[in-house]
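These notes concern the structure reproduced below.
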Amino acid sequence: MPKTVSLFVPCFVDQLQPQVAIDTVKVLRRIGYTVHFPEDQTCCGQPAFNSGFWDEARPCAERFLKIFGASDVIVCPSGSCTSMVKSHYPELLKDTPSYNDAVTLGQRVYELSQFLIRVAQISDVGSWFPHSVTYHASCHATRELGIHDEPLTLLKNVRGLELRSLPHEEDCCGFGGTFSTKFGMISAAMGDTKAGNIEATKAEYVTSIDPSCLIHLAGIIGHTRRSSKPIHLASILAQEAQ
Amino acid sequence: MSTIPLQEFLRRATEKCADLTHRATIQRNIDSYDVAVAKGKQRFSDWEAARSRCSEIKAEAIAHLDRYLEQFEGKVKERGGHVFWAETAEDARQYIAGLAQSRGVKTIVKSKSMVTEEIHLSGALEKQGAAVWETDLGEYIVQLRNEPPYHIVTPAMHLTRVQIAQTFREKIPSEMNGEEPPQLVAAARRKLRKAFFSAEMGISGANFLVADAGMVAISTNEGNGRLTTTLPRIHVAITGIEKIIPRLSDLATLWPVLATAGTGQPITTYSTLIGGPRQPGETDGPEEFHVVLLDNGRSQVLASREHREMLKCIRCGACLNVCPVYRQIGGHAYGTTYQGPIGSVLTPNLKPSAGFEHLAFASSLCSACGSACPVRINLPHQLLLNRRDAMAKTGQSGSRTMFRLFRWTAMSSVRFRVMGWLSRKGISTAKALGIAGSKLDPMRPWTQYRNGPEVPTQTFREWWRTHGRQ
Amino acid sequence: MAGSNPQRERILARVRAATADNVPTTAPAASKAPIFAEIPDPLERFLRECAANLTEVICTRDSMESAAACDRVLQSLPPGELFFQDTPVFRSWASHVDSARTVRWSSGGPPSESTQATFTLAHGFVAQTGSILSSSLCGGRGASIVAPCHVVFGTTEQVVADIDAALQIANHDLLSASYVGLISGSSRTADIEKILVQGAHGPLRVVVILQAAS
C-alpha cells in the first residue's frame, strides 16, 4: 500500500520559515512516506477569521477544501493552522454547501507530531540532537487539538537530547496573530514572562510544534538579549543520527 | 461610538505591562491559587463530569428561565418575602434607594456582590446620606482605597500586606495593633462589627436562586454574608435573573464546583440559603426580605442563540486567574465591572453601545479560559463571535480593506507569491536601512517589542520546485 | 413596595420570546457519571474533613461524657455571656454554668453583640465536607454566627455521607425555615496575599460534641 501524505504548509512558514517545512518533508520521507505538496495552496484564512472578518475568511476555507479535497491524509507542521481547519472550518462554513466537506476533511488533517504518533505509529524517527531542549506546549495544539504527550514522546526518543521541563509550559507565549501588533505591549509582556521561564531552564533550545510561537519567541528572546534558541520540533527530528 | 474605553484600556494596560512588581504580585497569588485548585480537583472522582453536570444544570435553567423565575418568586412570597423585577440598573437603584429612604435607613452593610457594582448601587445610597459598609475584607480594602474591585472573587488581589497596612493606618488607625495579616483582619473585624450591629439594612448578592425551594444561595468564607442577612432589620438580595437553578439538589454539585474553581476549597465555609424574613416562631432575622431580580441586558443576551451560553456563568473567577492577559494587565485595566475573559465576552453584549468591543481583540485566543470554566462556557469561541460582531457593527474600514486585500491575495497562488515576495523585501529592506524598530519601520507594531524575523533567501515552494520530486 | 411591578411582565415576556426557539438542552439525566468517590465510612470521613477545615470534634460515648465535654468547653471560654438553644439537653448542661455568667436562651431572643459562645443543635453532619447542617430552627439565625465560639451538639446517627443527603434533609424538613446552611469550619479569609487567617467575621472556633448513637 503506497503511503502518501499531502503537506499543508502554513503561509508564513512558506515565506519566512521554509526550513520547518523542508524538515517536515525530510522526516516524513525518512519514515517511508511519499510527500505531496499541492502548489496551489496559499493561506487557510485564519488571520481573517480571528480578526472577525468571516466573510473574507470563508472563500479561503472553500478554496482549501478544493485543493485538499482529494487528499487522504493531510499533515501540517503547525498546531494552530491544523486547528483552524479541524476546529473552526465547520463553524465558519456552517449553513453553507461546504459544511459536510469541512467536517470530513477536518478528520483527515493532522499536526505533524499527532500524525507520527497516532497515524504512522512511530515514536522514534531515528534522529540525533545532542543538546538540552525545553518544550513549549502551544495553545491551540494543547487545548483545541488535545495534543499533550505526542511531542514529548518524540523528543524523548531523540538520541543525545536532554529534555528539560518548562515551568508553566502550557501558558501562552503571547503571539496570538494580530493581537501581537494590536496590543503589542500585552503580547510582549506575555512573551517576556514565557522567555523568563525558558531562561530558567537554562536549556540551549526551546522547541514547539507551532512555528508562529517560535517566530514570536525568537523576536522576544532576541529583543531581551536572552540566549535560548527557538527550533521547531520538525527541525530537531530531521537531524540524522550519525 | 466612543473610543474612550479603548484609549483608557491601552493606557492602563501599557502601564501595568511595564510594572514588574505588579506582575510578581499577581504571579505569586495565582501560583498559590493553582496549587490549591489542583489539589481541590483531586477531591472529585471525575472533574470533567462535574463540569458537564454544572453546564447542563445551568443550560436547563436558562432554557426555562421564565418558569423557574416564577416558581422562585412564588415560594419567596409564600414566606412573606418581596420580589422586585428590575429592567435596568436605574430601576434597581431606585427600588433599593427608595426602600432605604422610606424605612429611614442610615447604615447599610453589604456582603460581596458584583451586581451591586454593575448598577453602581453604593454611590446612589451614599448620595442620599446613608453610610455604606462593604464587609467582605477584600471589598472593604478596595472601598477604603476608593478603588473598584480588581477581581470578581478576590477584590484586593493586587495589593500586598504592606500596601493594605498602609491603607489601614491612614483610614482606620484606631483599630490597628499590628501589620501582619491576622492583625489586619482583626482590625477590619472590629471596625465592621460595629457597623453590623448598627445597620438597619443588609444588602447581599446571590450565587444562585433556587427555584424549587424559593431560596437564595449565598457563599462566603468570612461569615459576613451571614451577618449581613441576619442582623439588620431589612435584607435585600440583588442578583441577575440568570442566577436561577432548578433544584435544591443541584447545589450538591454546584457548591463544591464553585468553591473548587474559585479558590480550590472543597466547599465555601458558609454555604447559606435564605428563603424569607424571620418566620413566625423564629428567634431572629430581618423583618423584611426583598429579592431584586435584575435584567439589565440579560434577556437581550438570552435572545441570541450564539451568545446565550454566557449566561451560564457562576462568577467563579477561574477564567480570570488562568488568563495570561489578565495576569499582565490586571483587573483595573479593563474598565468594566466584570474583568478577564468573562468580562470581555459579557460586557459588549450587556452594554452594546458602551464601546467595549476592543476587549474581544485584547486576547491571544489561547483558550486557557475555556479549559478552566467549570460550566463549560466556550469563552474563546465567544471572543471570536464578539470579534465578528464588532467588525460587522463598526465596519472598521481600514481593517476591512486590509482583509479584502488579504482575501484577494490568498485566492491565487500567483498573487500570494508576489505579495509574499514584497513583504519579505519590506522586512529585509527595513533591516538593511537600519530602521527596523524605529518610527519609520512599517513593521513597527511588531519590531517595537521584538526583533524582526530572519528573512530566508528561498521560500518553501521554491525549494519544492527543485527538491519536491524524489 | 408591594403592588404593581409592570417590569415583571416585560422581563418575563422578553425571556419567553428569547427562549421560544426551544433549543434542546441536554437533560441532566444525560450525565450521570459519578462525580465524587463513594464514602465507605462516613464517620471516619467526617472526622478527617473536620480536622482539615479546623472544626474541633469531641467524640463522646454517652450523655455523661457529653455533659463533661461541654463542661470542659465552658471552662476554656473567656468570661462573658453565653447563649443556648432552648432545648432540654442544654437546659441540663447549663446548670453547670458559672453563676457569674449571663445566660441567654433562644426562647428569650437572639444572642447579643457581646455573647462569647453559642450552643446549638444541628440537623445533620456532612461527611463529604465536614459540614454542619444548621438552620434558623437551631436557636435562630444569629446563633451560629455572631459569637467567637459556636458549640454544636449531635449524635453520630446524624452523620450523612454527602451534600446531596444533607440537601434532602433540607428539602423534607427545613423549607419552612427562613435560613438553612452548611457550616464547614471556622470563619476565615485569604483576602490578604492569599494567606489563610481564621476568625474573620464569624466564629473563630467551631466545636462539635458528637455523641455515639445509643
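Should a chain be cited, it is by its letter among A, B and C, assigned in written order, with residues numbered from 1 in that chain.
Definition applied: a contact is a pair of C-beta atoms (placed from the backbone, for glycine too) under 8 Å apart; a residue touches a chain by one contact, two chains touch by 3 or more.
Just so it is clear, the structure is predicted and the values come from calculations on it, not from any experiment.
The interface carrying the most C-beta pairs in contact is the one between chains B-C.
The chain with its CA mean position farthest from that of subunit A is C.
Here the chain at the heart of the shown protein, by mean C-alpha position, is B.
With each centre defined as the average position of its C-alpha atoms, the distance from subunit B to subunit C rounds to 30 Å. Mean C-alpha positions place subunit A and subunit B at a centre distance of 32 Å.
Centroids built from CA atoms put subunit C at 53 Å from subunit A. Here subunit B touches subunit A in the complex through residues 10, 13-14, 17-18, 23, 27, 324-325, 327-329, 360-368, 370-371, 381, 384, 387-392, 399-400, 403-404, 406-407, 409-413, 416, 420, 423-424, 445-453, 455-456, 458-464, 467-468, 470, going by the rule given at the top. The part of subunit A that touches subunit B in the complex is made up of residues 9, 11, 13-19, 21-22, 25, 29, 34, 37, 39-43, 45, 47-54, 56-57, 59-60, 63, 88, 91, 139-140, 143-144, 170-172, 174-191, 193, 215-216, 218-220, 222-223. Put simply, subunit C touches subunit B in their complex at residues 1-2, 5, 7-8, 10-12, 14-19, 21-23, 25-28, 30-31, 33-37, 49, 53, 106-107, 109-110, 113, 128-129, 131, 136-137, 139-146, 162-164, 167-168, 170-171, 175-195, 197, 199-203. The touching residues of subunit B, counted against subunit C in their complex, run 28-29, 32-33, 43-46, 49-50, 52-53, 56-57, 59-60, 62-66, 69-70, 79, 82, 84-87, 91, 95, 98-99, 102, 135-138, 141, 154-156, 159-161, 164, 181-182, 184-186, 189, 192-193, 196-197, 213, 215, 221-224, 226-227, 229-231, 241, 248-249, 251-253, 255-256, 263, 266-279, 282-285, 289-290, 293, 295, 299-300, 302-303, 305, 308.
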